[in-house]
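Next up: some structures, all given as structure tokens.
Each of the next two complexes has subunit A plus one other chain: subunit B in the first, subunit C in the second.
Moving on to the complex of A and B:
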């Protein structure tokens, strides 16, 4: 049944998500013979652009770029390979009372806008931005680090621990204390300390709950808030950008860099299992029975998929299997894409300010709104009024839709991956209806201009992209599974209990988002072991 | 006019512990308590003719070393163990856990054999973690960053303890500190009933639900204080802790005045010089506040004495009292179906699942009292007949959540609690002779506990260790020279006396050494 292929590779990467591609590109550049095996017809994983409806390019999953490590862009020369990122210039928050809140490209304009809601908040806003920036800069070195094992006494781990301490000790005392609090607080409590404006806090708190099955009042969301501040675009912190052609274009740019470095990429090649002999990974077997041998196997799939599906538990220590089993991965996030015959008209958008449509549009009028959305979903349900982060990509890149038409991308929370009774087509349609109704409350012409609608629930994200429970970050960014605990206490350094087997996906430090960091850090770890 | 070295405002177990240690090292100490009773809210008082009950906390344990060191047994302290923990379940069912591991395993096996197998390992892990906390709780946290040489010594000793647990155990303990208790329960157990019961200590005293991150810290905190699953009180009620400490304090020469009049701290040029009690001004070279930081720095000291950043930090403290306490005078023993007499000496809990707790919190976070509250019930007269006339009983109830700014009326809470408990004790309502209800706002108005928080500030990771009571002030000092804090507001918090002892050690060791 199984056919052995003749070729032997130095490295096989299971999965062509952006991290798998980054990992392959770095290893290819280091002279390794690398094969990427991707189950789907195209690479990119959760970072793809696809024409689901003729003429309209949908951002199936991820939609914006911010945390992509500058090192990755430079070292892989992604700009030369076609990456073009256009900064998003504004945020528009329609409110239920007909009012709105906007964040403009121009700093003074934003101040005036916030002042319209609260003078005090306008004062606090600058200081808040400065403080978050300082904390983010201080923590940045940790992102590009292979986490140390605090229980180890090897010289390397001790040295890395000292580096971690150095990073923290470089902070001022006030910043260190603030960081300690932010890491352990809820996003809502933190924002309450800074601001009084309901709308401002509503929109700001959403960074604390993206991809996270917690409400803004839950401790732990403070960290997620900070996680989303660590990004930078061309040196501008907290800036988010849109890639021409959608996030899929980024994956194509990385793939192009990888191919140039000699990496071979095979799509339509789902891996059935990792081949293991005497505790060592020796290659993989595809679902069609094809076998590929390699000196090193790297998995870009999430930790649960990798260790519970592609590897038999008998090859793994019990503790490790239980760590992977307990890894929290329940997900609340959906993605909706709309094909539109025109632009949505938001009742609260002031005349002459239609440029705001080119930025983020957030349906998050207050912390209470978002918290209620969470409460509706947390026992296995979905939000009756979901939180949404919307974008109209065709305004930034006209190539995304036919002339005169538009695409709209909606990131939506919360809808439980563990829906009571499970997901099915009927429930998908029901929730999609809720999303459209909620948006139409703010933009009443929506239903008139709607040509096609498409939803990716956690169920679909799992079936289509292979994300366990559809989790957008390959596992919750909860404190108990970050840094040297991600995905498992003694295995946070991209290595695994199986010799010659590594991880490079978002289940590893520093976690999810389009960062390229797990892919790059894993390549560094592999090259440490096999220069 | 008499002068004192040291005046302590407030008379909680922490204040009295500090008083004992300071007086023993030669200080002349005056303790001022504005209410009628030593202990303030930590007291046991008559609430109906010949019925006595705890006013605030209804369980608690003094640190064992303090008990030994201050010979509190000689001063009348008699610990009463509540070594059973019963869960009241829908349909009048129940089960009871006890300190006896074997017996408890059998009980759990009746609900879930898989859980019974895991229970000993679970207890072992939470005990490791709470033992680690215990060590952290008996030291003064660092305030420097980067840590000074002394700080590094303290931290290294703590991390050596963690490392001593073994590699796997070390990281397991670290994880626990930051986990939600829902996650913890899901990792260990399958039975919703067991998970609900064990999760309660993680939300006890806070306005937070079990789904929230870091709630396991609160569980470990209560365990570290000996007030986790199996609790304790004293013969005579919780107030007897303060009575024994007061007796010890007096033996060391401490003077204690109750009903001393309203208090304020005299400050001159940024230095505390004494206290005004009612109309009397009393000088002292050292002033220690047992009150929480917000009360101390907004009422006892005028805020203009302090820097704006400090005032902001004080304003940002989280209190959010969400506990209502009810005491009932019962004319007969209340028969709770299926609960043995032995179990009645322990704690009864109504929290049949983690989701039940979370749903109660869902209402509370919006400012209202849930229709299905989380309850803890104790019958102190089971172990101490002196608290009620012969044959009669006192029933104390801890109720969550009653958020501090809710508009709920005391009668509503009383009826709600009786209604809930009647499912297990059908004739309960007919047994009630008297009742007493405390809401958070009453704790605030009568005892100056900010927002009615019984622990001097929310017990949470974000307000613990070097962040308690305020970042930068974890060593019991304040921005005002010669003014210190010693109450539950400070590290580690609670009524074990450790906050008071740590404060006294800081004072004795650094500022009060005899010249």
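Moving on to the complex of A and C:
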């Protein structure tokens, strides 16, 4: 039995993830009557903080902020709505031979650390950082652009193509050639051209594989490496920040901005399907049968969920359905959170350098280590020695844990979303055991201080948050599905084959991470069509 | 020779970057780490411990102590009772500001005055004929400032006093690790915070106790660079930077009055005569020639111009202290004296002194900044002060 609600909205946004909220806030500010429907009890999607264990706030999905567009922060006045971001300034990489590698917030201090491994690399590192920064500055405008259709000759597309051309014009010829090569190379090959140190290459290659079901030797990971360099925090590129209160606090800030703009947010309201009449979206029906009508429907869900589940294929062109079907979305990423009764003691961390615990801690001692971790997983398995990107949020924001206790957040890969025989609770526990064992090899006191452990596998990310295959980027950041190809050629401008239906999630340009860019760009596209 | 503070044994052990500076003839930390960023973020998100011992401190005791202070400073000291404090400037007879600091009422006939500069002679000269004894206790009392949202939780693990109920600008006398400590709800960060006043011989002991308890609250030692960012966010002026004390100024034009500095609220017109009252009253009636304002510099444009040249943006993470002219339509209408990028507010903040007709919030002046090697003009909008004023600064919590 479906009941129709009387309320008609200008816009319904399906999914209260960070991009859905950003989209709604922009449209609300533009005067639209907007309703956000979120399936869970809280908004945020994968941008949430949850007290899984009493007193300890866990970052059960996303954990850091870097690519959040400065425009989104300013235009939605997120600071006024409670957002505070603290930079993670250092990186600590424990190595297997008892040594370590570190990156400090100070240039000379970092150079001294790298010199211990290779004097040549210490110098190359400066130039590498400069080149990546130049490429990041050059490419930055593309993130905030609605992708053009390069085959189209409409004035709009021609104008956008000219702007893309302008971006390339701003680069030196050398940088452009370098960019072209980087885009098509593997992260490993690219780093081999710059550095000789095993450890340095190990830690640098991780930017190329985070969230990606590829190894550092897979072509295309060069682009992912660059993607993570475009992020910035107060002008510092490749800087990662921690939101006070966790990433969930960011969602709450955006939601607050949205509400102030008049947006209505309903939680515990899972959408069953989009209502379509004569090829036009007319509203949505919830799983409980409630119907809401709207002039425009926007989906924050990933492309597969949107077009293969929320919409019946009969409403869509065949070629589009097959594009979405082959959209690559298998995921290797897990999230582990630990409640700790003290700080982990890394055997390779020298006395007096404990400040390094307040930054990133990376278990990625070499490219071979990371590639092996991928190899283990690529046939439907998981890494016997996983790659991890860890941090201890309670050292930056003591409110994350009770006094004297700590939380540790670990981004872990690889564990295949298409696990042989499928995921179940037993397999989750097994893999969690491997993660703890691997970390304990570097910090032997870990098991002694462990109060509680929690894992989100791709299976959980799909079940709980609704990410298809648990893919944190709503689909691989692979060359064949970027920019004007994301998620499908011709439909990369946030519009869809269904009239009045739009996309605003990470399956659209510029892809994953907490950027707010798809949400903002989609709002701009909608306002172009319906000012 | 520079002097060291009673906490030098502790601060020097923490220093990693050899970044010391001078403060009133003492050597104190600019930043303990290579950069001051983490020290700043701890002020706003956890807690920090600063050595502020170089502050000048005077004991003012005697039956005329109140009378003396009310003659000296611009605020009405009779408004506080024992356990109370207030912030106040004081002036010369021309109403020109000499210094600013705090007054704490320790007993019925005893107060403590803090100042940035030595003031003993000025205090004694103005106490002539009064029953009051003025003693410089600067070296006898060490001071440390514990600032940040977790500062209260930390202190409550160290002493029995009900700190949750201590209001902004109140103090309590208590014990930490057996040592007598006066804890005041004051600071220079605009955040929840306290200052600990302790006999210099006990300072290390108290510092150690705070640092030990701080392990559970992400406590960070912090230096002046981090403090400088937070005091600008909090809209707090600094002597020698945002104003020249009247006794140092070479010309009248270099001096300032409390009204010009936006401290009208700190002048009591009703309490009777005080030094500078007549001149200040005249200024109040006739208007000032210059007005202290908050400014928000158009950082978006600053950013855009850097990106246009293919450059990363040099954010002013460290507060600058310089006199930079401010213009309207090409004519100078004032000058800026401090500026910094606020990592919390994500804005480029500055303090300005402008002609009153441009002092309304929303007025726009321009400031020249360099972009690479070129001088460029940027808009700076007059903004209400303080820039940052979180509710926790003054909140009260129930006894735990």
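Keep this in mind: the second predicted complex is superposed on the first by the 531 of 531 C-alpha atoms of A that agree within 3 Å, B and C clash if a C-alpha of one lies under 4 Å from a C-alpha of the other, contacts with A are read in each partner's own complex, and residues count from 1 in each chain.
Here is the rule we use: contacts are C-beta pairs under 8 Å (C-beta built on N, C-alpha and C of every residue); 3 or more make two chains touch, one makes a residue touch a chain.
Note that the coordinates shown come from a computational prediction; the quantities given were computed from them, not determined experimentally.
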First, second, both or neither for A:95, with subunit B first and subunit C second: neither
First (subunit B), second (subunit C), both or neither touched by A:258: neither
Contacts of A:220 with subunit B and subunit C, given as first, second, both or neither: first
Which superposed partner A:328 touches (first subunit B, second subunit C, both, neither): first
Subunit B versus subunit C as contact partner of A:68, first or second or both or neither: neither
Touching partner for A:137 - first (subunit B), second (subunit C), both, neither: second
Touching partner for A:311 - first (subunit B), second (subunit C), both, neither: neither
On subunit A, the residue positions that both subunit B and subunit C contact, one per complex: none
Subunit A residues within the subunit B interface of the complex: 150-152, 168-169, 171-174, 176-178, 180-181, 184-186, 189, 193, 214, 217-221, 319, 326, 328, 368, 371, 375, 378-379, 478-480, 484-485, 489-490
Residue ranges of subunit C in contact with subunit A within the complex: 17, 33-35, 37-38, 41, 44-46, 149-150, 153, 157, 215-218, 300, 303, 307, 310-315, 317, 341, 343-346
Touch list for subunit B against partner subunit A, complex: 144-146, 163, 167-168, 170-172, 174-175, 178-180, 183, 186-187, 208, 211-215, 316, 318, 355, 358, 362, 365-366, 460-462, 466-467, 471-472
Partner subunit C, residues of subunit A touching it in the complex: 70, 73-74, 79, 84-87, 89, 104-106, 108-109, 133-134, 137-138, 140, 170, 234-237, 244, 355, 358, 394-399, 403-404
